[in-house]
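One structure, as structure tokens, below. Some questions next.
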């Protein structure tokens, strides 16, 4: 099976998941609108973070499917599970914003958010490992050494987010700083092209 | 009429229906966030099940349109009805999760969910039967014997879900076990390609 | 400007508007789930009607863009206004279902719904009339006589829905019967191809 | 990186953001349905304005990507930020409608809305400036003079909306009149093609 439709379908899920993030915003009590809008800062932060995270995952997904040229049933299943956690992201995002808004359970909320991102990263890495193990799914131009180097790059996500999940119980802000670092790594212009 | 646009439109509906499933999640009372998130297990289960069900239906829809090469008005109408029940799925999913969350009316909720899947399956089978009866809509490479074998494969869905609808009134968990079995059958790597 | 992107963008709006219709369903009081689900019949009816209406509009939109081969700024503006009322449809649908659910203000709700459909139809006809008046936007294979015949076909929508809007104040069910008739006309297999 | 996927992904976000605008509508108290629907005029106005604004931004985005033929990581990042504010628009739209509905805090709500549009415009201009500064991203047919002329055209948005943000504190209706003027400028048929 050729990968065009999988990419188009995945793009649809990415675009919708990213756009549904806005639904977490609730209109504040109107008598103090200016202040109410300012007090929503945890929602703005959570929205921006999730938007950028999904943007970075989308870029990684595309990069992966530049190298994967064919799909079999197992890859399709892994991709569906990957999308399942991406489409789930608006919920941990809302939980995170609410916890910082009410200043309570910030550790659990941050760990829940980071845990979701860890699973997204694990599934992305699993997809790549599987594709790399079935050489007929990969573009023949990708050498085994390059496949290894790409795998290392993909591993940064789940490992980094896994550490962030644990860090959340020590200090949620430290965990959030790590999210920002991971995304800066993935999105930073210079670092983008892997040349193994 | 050529089938590209129908497939693209259907893909859009699939991608959106699958992504709207997340809207069933409500933030639990924040004072007991950890426990609250754990207690949402019926929602996680229902979300995952519906996501995988829609994923499996999407794959079947694609497989069908690999063999259907032309569409007429009647096929278009059947496809619209098929999509109507797929886009409806987030509602039975939410009803199912709520019933298990409150431990009440689990039989009715499971039957409602299974009934919706039965109708989705009936319409998928009807589309295929109609296309197979109008030979000019099918790829000429599909022999009448293959068309019959494919029809049998499509029938597993509505029959299995029909049985699950009745089972729900005996034991909802038995019904859910059957859902999982049907989807494992459709998604299991080895079983995917039909060679009649 | 070539029409591919306009069609793809319009398809996206159609697919999303049609899928958002499900959000009107609210979980009924769980103690009487079976009865609660049955009492939602106005919502099921409204959902199915709107789904089929949007399906029929989508087919008409495609048929129109089979004949329109180029777009200018004015056509783009008319198309944006057309989409604006289609994307609005989930609201009148919810209003209609609520009115029949509570057995009150059914006339106003039906007129509101029919009025929205009338505007959708007026804008579809306006798009076609504009395209037909600028011969360089149309496929040269469409003769002026055919363009007139197609326009008549498009006029059935706004005129029929306009009558339904007025009928709603006499008897809402009569108005709804007219909706069903109009859609049967557009979707009925035999009647689909216009041969002017 | 070629720009097709970026455009397709952006189109998805545009189509979804524009369609989610309908979710701001809440069913009015049913006993006074006719009056209740009329009293929603601020929601209709806000909905129509945002729909047309997103339509105009979509056209500008397309025009831009007719001239941009390649994308690098930095352009991708700017585009993601641009989409982030477009997908956010349903929230300021709902805030604006609510403020006019309750006749309170109209200045803050209008400024919040105009401020969001200003940021959308700033990011659109930044994308174009960046692409124009990296000549390998642009279609070679675009001369440096044309690139400057196009930049001027793009600047009308952020400057106009910036002024509208300040005007909101003097008179919200003046600010809204300016929105309408800016969109009339972008959408007005004659003015569309820039010939520098």
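Here are a few things to note about the model shown:
Labels for the chains are A, B, C and D, by order of writing; each one numbers its residues from 1.
One rule holds for everything that comes next: a residue touches a chain if its C-beta (ideal position, glycine included) is under 8 Å from a C-beta of that chain, and two chains touch if they have at least 3 such contacts.
What you see is a predicted model, and the numbers here were worked out from it, not measured in a lab.
Identification of common neighbours of chain A and chain B yields an empty set. Chain B and chain C touch with mostly distinct residues; of the residue numbers seen at this interface, under half occur in both copies.
Between chain B and chain D, the centres computed from C-alpha atoms are 37 Å apart. Averaging C-alpha coordinates per chain places the centre of chain C 26 Å away from that of chain D. Counting only residues that touch two or more partner chains, chain B has 8, 12, 16, 20, 23. A ring topology is adopted by the chain contact network, closed into one cycle in which each chain touches exactly two others.
Going by the touch rule set out above, the chain pairs that meet are A-B, A-D, B-C, C-D.
If you check the complex, the residues on chain C that touch chain B are 7-8, 11-12, 14-16, 18-23, 25, 27, 30-31, 33-34, 37, 47-48, 51-52, 55, 58-59, 62, 187-189, 192.
Within the complex formed with chain A, the chain D residues making contact are 5, 8-9, 12-13, 16-17, 20, 23, 72-74, 76-77, 80, 83-84, 87-91, 94-95, 98-99, 102, 104-105, 108-109, 112.
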